[in-house]
């Protein structure tokens, strides 16, 4: 395991919200991190599909860790701002967030993330698109 | 209780994520809704303060219900998009989100929300600012 | 020329700001429009490179027309909201904006746009990334 | 004239785009700058009202200079990102942008801006709301 991978796994394990959401790491690559979590009534909105806040949280963590893969060892990452467009109801069994750095920088990193919902039959559907800014702290 | 108030309370009670977060309604007024929830390790990020996703979720719900107060009876509301700027660590005992409609419209409503963290001594500090678009469905 | 192409060219010709900017259409495809304009002191900010407002304007028009290619004949398009991340100084001889629909919809369309600056030697550099929402009117 | 005021007026005078737009400074206060510009066909979109790019450009400059009033002498300011919600057609004789710092910081400043259109009869109408991040450079 690379140091970046180990640092991300250690940091992720400390995120209480990700633990509450039963979220897990699917993939860690240079400038790219994929996270997933089950869709359940515990993260629902009033119509039973996942709350925008759940898609946001998973997408924000995936984006932050994608940025962290490109930062100096020992760095930590913080979200400056994040924009989310909700594009379809987050129905199904699982949310999958793919965060990527689209513009690395020493002071700031720009990230994008696609959040998908996996239906019971395995079909993936884009449910949210995020674009934001990460800063090393 | 006005019909709008009753509709919002019924809808809020169905949001599984708000229930998981132990969130509650503080105030419902025309074009303005205030929600709160406790800060606990269960909603933390890696440094123990509340995850951006928790501030976002509470702010998004407050914004949506603020919009709902100005919609036709029977309408439901959906978030089109939401931008969040994180401005301070969300430390303390409670998050408080004040959502307001800044531009009502028949097709679209623009909302703003301030999320504050209440410290153990009761001092409030702004932690996030949201600006977004709601649509009746 | 397809009807969509003709409609976009006619609409573009009516945009006074695009004319003031000496902007032109590079490409019209289904769900994708590319515009360009010269970089000159007339659109500069205080350091001489193109003002963020110029990158935004070109990117916004490219995004709107990309959405228009997928709307009903006779429709017109309006920007609901747009987020721009500025990622590098817009220096060089030309700005090129590539707008694309990432999520078509009957009521709303989500677009993304990359604005590039073309240096004197022809090298392209990404200078801004936009993500926004278009609505038919 | 205070040093901050002088610095902003000097910087503003160098913005070619603001000059092309015939924009002027209405007010400079601590954490707050108001700019204005005439609405004319030269900044129009296809329906004759001001292009979103014009509202954005004026609002972005007002936001940046509002941030500059709170930065160290000699500092310059750059937009990291900016979100705009368009809320009404920008018709009339003048655009007025009021930029304000909502969260000052040493590394980053969060700004908000309201852009208004002044009708022929002097009535003001909000046409756009911006929220963004400025950085000293």
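Lettered A, B, C and D in written order, each chain numbered from 1.
FYI, a contact is a pair of C-beta atoms (placed from the backbone, for glycine too) under 8 Å apart; a residue touches a chain by one contact, two chains touch by 3 or more.
If you're wondering where the values come from, they're calculated on a predicted model, not measured in any experiment.
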Most distant chain from chain D, judged by the mean position of its C-alpha atoms = A
Between the pairs B-D and A-B, the one where more C-beta pairs touch = A-B
Distance from the CA centroid of chain B to that of chain C, rounded to the nearest Å?
-> 33
Centre-of-Cα separation between chain D and chain B, whole angstrom = 29
Chain-centre distance (mean CA atoms) for chain A and chain B, in whole Å, is 21
Enumerate the residues of chain B that touch no fewer than two other chains.
-> 80-81, 83, 85, 133
Write out the stretch or stretches of chain D touching chain B in their complex.
-> 83, 85, 87-88, 102-103, 105, 110, 112, 126, 129, 131, 133
Which positions of chain A touch chain D when the two form their complex?
-> 80-81, 83, 107-108, 133, 135
Listed in rising order, the residues of chain A that touch chain B in the complex are 11-12, 14-20, 40-48, 50-54, 56-58, 60-61, 76, 78-86
